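Remarks on the structure that follows.
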Amino acid sequence: MTSVVATNQTILVVGGGISGMTAALEAAETGKQVVLVERNPYLGGRTIQLYKYFPKMCHPTCGLEINLRRLKANPRIQVLTMAEVSGIRGERGSYSVSVKLKPRYVNENCTACGECAKAVSTEIDDAFNYNLGKTKAAYLPNDYAYPQRYVIDSSIVGTAEGEAAKAACKYGAIDLDMREEELTLNAGAIVWATGWKPYEAEKIVYYGYDRFPNVITNVEFERLADPHGPTGGRILRPSDGKEARNIAFIQCAGSRDENHLRHCSRFCCMGSLKQTNYVQDQYGDAGKSTIYYIDIRAIDRFEDFYAKVKANPNVKFVKSKVARITEDKDGNPVCNGVDIEGYHRYANAHDLVVLAVGMEPEVNGVSIPAEVMSDSSGFIMADPANAGIFGAGCATNALDVNRAVQSATAAALRAIQVVNKVARAEV
Amino acid sequence: MARKEYAFYPGCSSQMGASASNYLVSVESMCRHLDIKLTEIPDWNCCGASISYAESGELPRHVMNARNFALSETNLPGQDIVATCAACWLGARESKERLENSDRLMADTQTALKEAGLSIKAIPEIRHMAEVLIEDLGYAELQRHVKKPLEGMKFAGYVGCQTNRPFGIAGESFENPMYLDKLIETVGGEAVPYDQKVTCCGGALAFSEPEKSQAQIKDIIESAYDNGAEMIVTPCPLCQANVEVYQGQINKRYGTKFDIPVLYYSQLMTLAYGGTAKDAGLNGNVVRARKLEEFAAK
Amino acid sequence: MAEMKTAAYICKGCEIGNRVDVASLVKVATKEGKMALVREHDFLCSAEGVALINHDIDHEGVTHIAIGACSRRAKTEAFNFPSVAMTRGNLREGVIWIRPDTEEARETTQEMAEDYVRMMCAEVKAMKVPEGNQKTGTIKTVLVVGGGLSGMTSALEASKAGYKVVLVEKTGALGGWAAKLHMRVPTREPYTTPEDNGVADLVARIEADANIKVYLNARIAKTSGAPGRFKAEIAVESGVTATEDVGAIIQATGFSLYDANKLPHLGYGKSPNVVDQAGLEALAREAAAAGLPIRRPSDGKEVKSVVFVQCAGQRDNTGEHLSYCSGYCCNASIKQATYFKDSNPDIDTVVLFTDLRTPGNGEDFYRAAQNRGVIFSKGVVSEVLANGNTCTVKFKDLILNEDTAAEADLVVLATGAVPNSGPELDALNEAVRLAEGGDEVARTQVIQMMDKSVLNLQYRQGPDIPHFMHGFNDSHFICFPYETRRTGIYTTGPVRRPMDIAQAIEDATGAAMKAIQAVENAGLGKAAHPRAGDLSYPMVRLEGCTQCKRCTVECPFGAIDEDEKRFPLFNESRCRRCGTCMGACPVRVISFENYSVNTVGAQIKAVDVPDEFSEKPRILVLACENDAYPALDMAGLNRNAYDPFVRVIPVRCLGSVNTIWITDALNGGYDGVMLMGCKSGEDYQCHFVKGSELGRYRMSKVYDTLKSMNLETERLLDVEVAITDIATLPARINTYAEQVKAMGPSPFKGL
Amino acid sequence: MSDLNQQMAERYKNNFLKEIEEQAEMGEWVKMCMQCGLCSGSCPTHFHSGWDHPPQEIFMLIRAGKREEVLNSNGMYMCTSCYNCYVRCPRKVPVTHVMHGIAEYAYKMGRAAKAQPTMHLSKVFWTNATKYGRVNEVQLTQSLYFKDGLAAGIKKGLEMKDVALGLVKAKRLNPLEALGIGHKCKDLDGIHRMLAKAYELEAQRKGRDTSKA
């Protein structure tokens, strides 16, 4: 049974992505008790599924390493992975929260030695790579996984494979009898940092995401470019493994669209500009990128980055919302539409089309406690009536990493304000 | 299943001796099999269709539809209006929507209606026959009546535009609606996938801009052929006519050898329900559907 | 403290026991490592193994422990013994995981393991448990400089958390830029209608807040000290100077509009009917106050047509104007356009833009403005001509692809933001240098620049926070937006980065968070980010100091001043513990209790260096612990093998590498040295900002030493490493190892 | 320029957008366009040559006050009423109807040459449909063929004779309709009175003085 120490001076952070980790760390490094609840078996959220950050082209895992070091060094943070908040009762200063923990089938004895994986042959979709690849059913979710502990997929529990994994572990780390458990803990304040999910591209039917293998999303493209991704970092197109040298990026795939997402998702323009660098780095002058856009939203110093990309002769900009993607005889996706600067029709074949899909709140379509208030787009907003629950990061709006961290730091203070009040009252 | 009753709005093309008369024939047969009672709206008039926009203007167009609403409401109270023609359905439904959302438009409409001694209290629901089949009866019920499944026959379900956009059948996507394929499968046929399912046939431009329209029709037929369809099926009289009757001209223009029958879903259903070639109005097809004629004869 | 008792623990788990001869590792630890107590264990990170270690600490009086098991990055929850000095020998990720499990590899793998045992024993003996800095200040008051929306928000939020605040505003009233606004861009759903600027409410709350002390018409004349013990001299216009003791500082000095006078081609200055956004707000407030429509300045007639020119003097690639985008202006112009439409829908209101930038829910506001009848045209304005009471705006319509023009009663230029961030330090210091050399021009420059100073820090490295880009005081770190280069001082709002009001409110709250954290940790003698909580701090033996000033100049965070006797004066709570000072010190008088020239030097010396005939070279790798060391660990995790002759020592930062380590290693017969540090330069990755850059600069000097030692310069290699180089790093190690072998053994072997 | 056209040009001076918003059905949507071009790209006829302005460009021209260029455009008449643009528009602009509305207005302003075939079809169709209350397909086709005069009509008729014969054989074309025998509503008078009133009211609503026109 998992045990957690929590009081009304404890801050509960829901979501262990960069926003949740930030809120938790900032509060803990100010001397507060924190419980960090994450749905995945590891921390880091969507940022560590990115290959690089704009505009520095640096690696998200670098910041993750530092945050993990801060976390390991800080006894005040208790981390619960594979856990989800199932209910909130009470009020600001004295919440009672129920948390459901899915079984990992692996306990803290795990040394990440990898023997269980060797013993298992069953393969499952690799969620970390947006299912573009496969992984063993006994797996370490990624190289940076914290806790550094394997996971046994429930599909092999109760099978010979499961037993084989168990037998392969010298350290009694595999416990196939683990069951889902629910625990209740106290908290004075709650930071809701459940982040975002990519908009479901198949809903934009005229782009044929679910019909054409060579039409993928921007988040999937990050995995393709990442040396630790399913293609070892080679930008190959799914249909035939051919090098994708001529790539189209379609902006506002779902965003700025009343039939899909009403809001502008803010990060996608910079995201695509960044991804043209991947193409350039990999294929040099043989790599061609075309960005189909409505407005390029490269705000503040990002403009410098935009200027650099614009200066690259291998990157073309077309002011147009692509109207339809078709497929030619060779399986090349063809973008059809009108370049409206002067009205030119086009039907351009590319090796690969990347849909710059927008940000949707992760909690959309998911049942969350009624105490957590959200706006008409599903983004979390502070509820003045029940002012002990605060949104952080992309759960509150479409933000880039920098702004998400900023928002999470603010949320940490708001939570501290509540628990400090409790503390003063209790003294 | 209890008998269902509807106020029937056949529309100009689906009258005897008009361009979609075979549609009317097959719909009547189909409804007999399904125990659906259609009562024609007495003295109904033209909906104006999409094409009349330039001449008709706003109010007169809505007034024409309003007249049908009033007649239906007075003579067939409480019954939904069912149209078989996509354009009639669209035009009527659009008028209903606009009238219900604009008091001013409604007021002016009433004033005009008064001249014909009519008035509107509540506008009935405007349904397309396909809606009625799918929503009021359901695929299971439609299948229950199948006596002769159209086994081994490949159809391209050509949905076209106006039963699909802007209103469409509830729960279907604009870009890839499945209901027509489902209807084909319900009667035992095979629906071939192809990428021109919702391409426009050119609509009224078939008359005014034949070369533009025929270029589109060619794409549609070609894609149906390429994907192995033996026949094309549609829910819309104008689609049916355009795709069927210009094949000769298209062949001249492009040197193609098109000779593909274009049918109504109601024709397939009539046959599957055991109806004769005559019941299904097969004699009304300009490009003869020989395979179906033989099938009906069996 | 009790005298030192050492203990070494060798884990046999994770195949270590099968891959290497643990018995001989134990022997090495005992005989060579001179460990008082040596134990081996099958599964050291188990509850039982940990209990064993705790038992030795509690009952055997063990004060220093060396654990030979997995990487220091693994099993941190298990191996957590804060009361003793601890080091970890990386036998798993560092040895057996990066070596093939073959007979021929066995010998070299064993040697590798034995060396790491030697190294951990040597290191731990040179370590102490950090006591924590005693000279800490415990003042928890927060100083906020700037009484605009950001500053007021920071003040209120800090107060709400229970902290006292001193708020200093240079003008006679609180409110800053926001107070000049007629209305502000909506910050909540439905995002359709401008809101009250919100200033009155904030001011009222501040006046009612006993925790907040406000100085108006005041500037910071002098700031000295360090987090937890800053002393701020506040000069009030009246001539009075007040002194406040504060623990942390928030700089919220906002921005100024880019000077529209630099845009004559856009008609500014040529017609009174061409205004900037501030000018329009003034007209709108005036009109609202008089209950009249907005009128054009030239003749007071009601404005019937207005054109907004976006990106005026912004996003400029000629180098003449601002190259960046100020972010907020599109929404601001939309807001101003609604002033007109809401007062009279018949006013022709046109916004000329190239890219309309309304991220997030700004899209709703954009849509709402269109719905009001505001016309948006994608066009590039070439010039604005003044003709009497109207203006002609000439532009290229990019959609219709033609040159055209629009007539307007009023033209509004969206000129964008320039931060009020104080003088640029490099320029200032250069000017100071010249001025001290008697250059009169420079002297006046210095005076002008100092006049712009915001904080007047009495820091060796200058009076303000170093600029980042375009003069903004932003952080360079995407994951850590608040990290400035002056510990305990945070910038917020548009001085940090161009931002709109909604973001500024969020930002100011975050800055208050960081300030509070800073005072709490300063009070406990703990380090701030990134080594948050670290109790170690630099100690200096002044008696050995030669006053060379390298430490004071190089410290990336300006932590070190000079005392009146020109000795370095360490301000521990300004220090981030990167060790750059330690690396810089030529006489090696600077050290940390648990990280010093000795802790690393001893490891280098501990390695067994075989003679020149053995054909077993030794290559020393000094790896940055933030990126390079984790990359090597993960190479192990992925079983990416590399050369068995390297010996890796993690360092806090390349900046902390003292050249003596290199020369000692080479003198000691190592055949090569590899330095692995983070990216330096414009897009630097070093989490101590300048550490890796300074380290590299220092190393470049070592090459001369090498020449003087008659050694090939190739014996020292500096590689830039990213944490993701998991697969490539082993390859680079192997290539270098081949190179070294090709060079032949170092002539210094066995000397 | 028709008188009506003069009336309107004078009334709205240089504010063509307002003119369209008040005069053209659904014209109030023109301002909502954000120039993404999805409508143009989604149009089935946009792939064919021979039309000057696509929808989003028409909208921009209106905002730019280019009255002549818009009213004389043939762009609107290329609409097949397929409603692709309508359902896709990210701003939910009912593009199809806006284009119809502008077309109607341009036509009422006496624009778009009689030669514009689709406009002609529209006119013929409506006249035909309202004459009998229902469409008389034969007369409809005839009047289409003979719009360019007798010779051209016969030629066209011959070109189309296969099509016609096919339909006749299939009992889907009743030659007698040519004589007006066939489909018609009973209460034609009612319909005509009703429509007359509708035209009158429409003119009032739009403030168009049709007496002069």
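A, B, C and D label the chains in the order they appear, each numbered from 1.
Rule of thumb we're sticking to: contacts are C-beta pairs under 8 Å (C-beta built on N, C-alpha and C of every residue); 3 or more make two chains touch, one makes a residue touch a chain.
None of these values were measured; they are calculated from a predicted model.
Under the contact definition stated at the top, the chains bordering both chain A and chain D are B, C. Set against the Cα centre of chain D, the chain with the most distant centre is C.
When each chain is reduced to the mean of its CA atoms, the one lying nearest the mean of all protein CA atoms is A. When the C-beta contacts at C-D and at A-C are tallied, the pair with the greater total is A-C. Rounded to whole angstrom, the centroid-to-centroid distance between chain C and chain D, based on C-alpha atoms, equals 65 Å. Measuring from the averaged C-alpha position of chain B to that of chain D gives a distance of 23 Å.
If you average the Cα atoms of chain A and of chain B, the two centres end up 47 Å apart.
Touching of two or more other chains is recorded for residues 174 of chain B. In chain C, the residues touching two or more other chains are 378, 399. Of all residues in chain A, those touching 2 or more other chains are 206, 256, 319, 340, 343, listed in ascending order.
Pairs of chains meeting the touch criterion: A-B, A-C, A-D, B-D, C-D. On chain B, the positions that touch chain D within their shared complex are 12-13, 15, 17-22, 43-46, 48-60, 63-64, 67, 104, 108-109, 111-118, 161-162, 165-166, 174, 199-200, 202-205, 207-209, 212-213, 215-216, 245-246, 248-249, 283-286. Note for the complex: chain A touches chain D at residues 206, 252, 256-260, 294, 319-324, 336-340, 343, 345. Considering their complex, residues 25, 44-45, 48, 50, 77-78, 80-84, 86-88, 94, 96, 100-101, 103-104, 107-108, 112, 117-123, 125-127, 129-130, 133-135, 137, 141, 144, 159, 162-163, 166-167, 169-174, 177, 182-183, 185-187, 190-191, 193-199, 201-202, 205 of chain D touch chain B. Contact residues on chain A toward chain C in their complex (touch as defined above): 18, 22, 25-26, 29-31, 53, 56-67, 69-70, 72-74, 108-109, 111-113, 140, 143-144, 148, 170-171, 226-228, 256, 262-264, 266, 295-304, 307, 319, 340-343, 375-377, 381, 397-399, 401-403, 405-407, 409-410, 412-414, 416-417, 420-421, 424. Listing the residues of chain D that touch chain C in their complex gives 15, 17, 31-32, 34-35, 56-57, 60-61, 63-64, 91.
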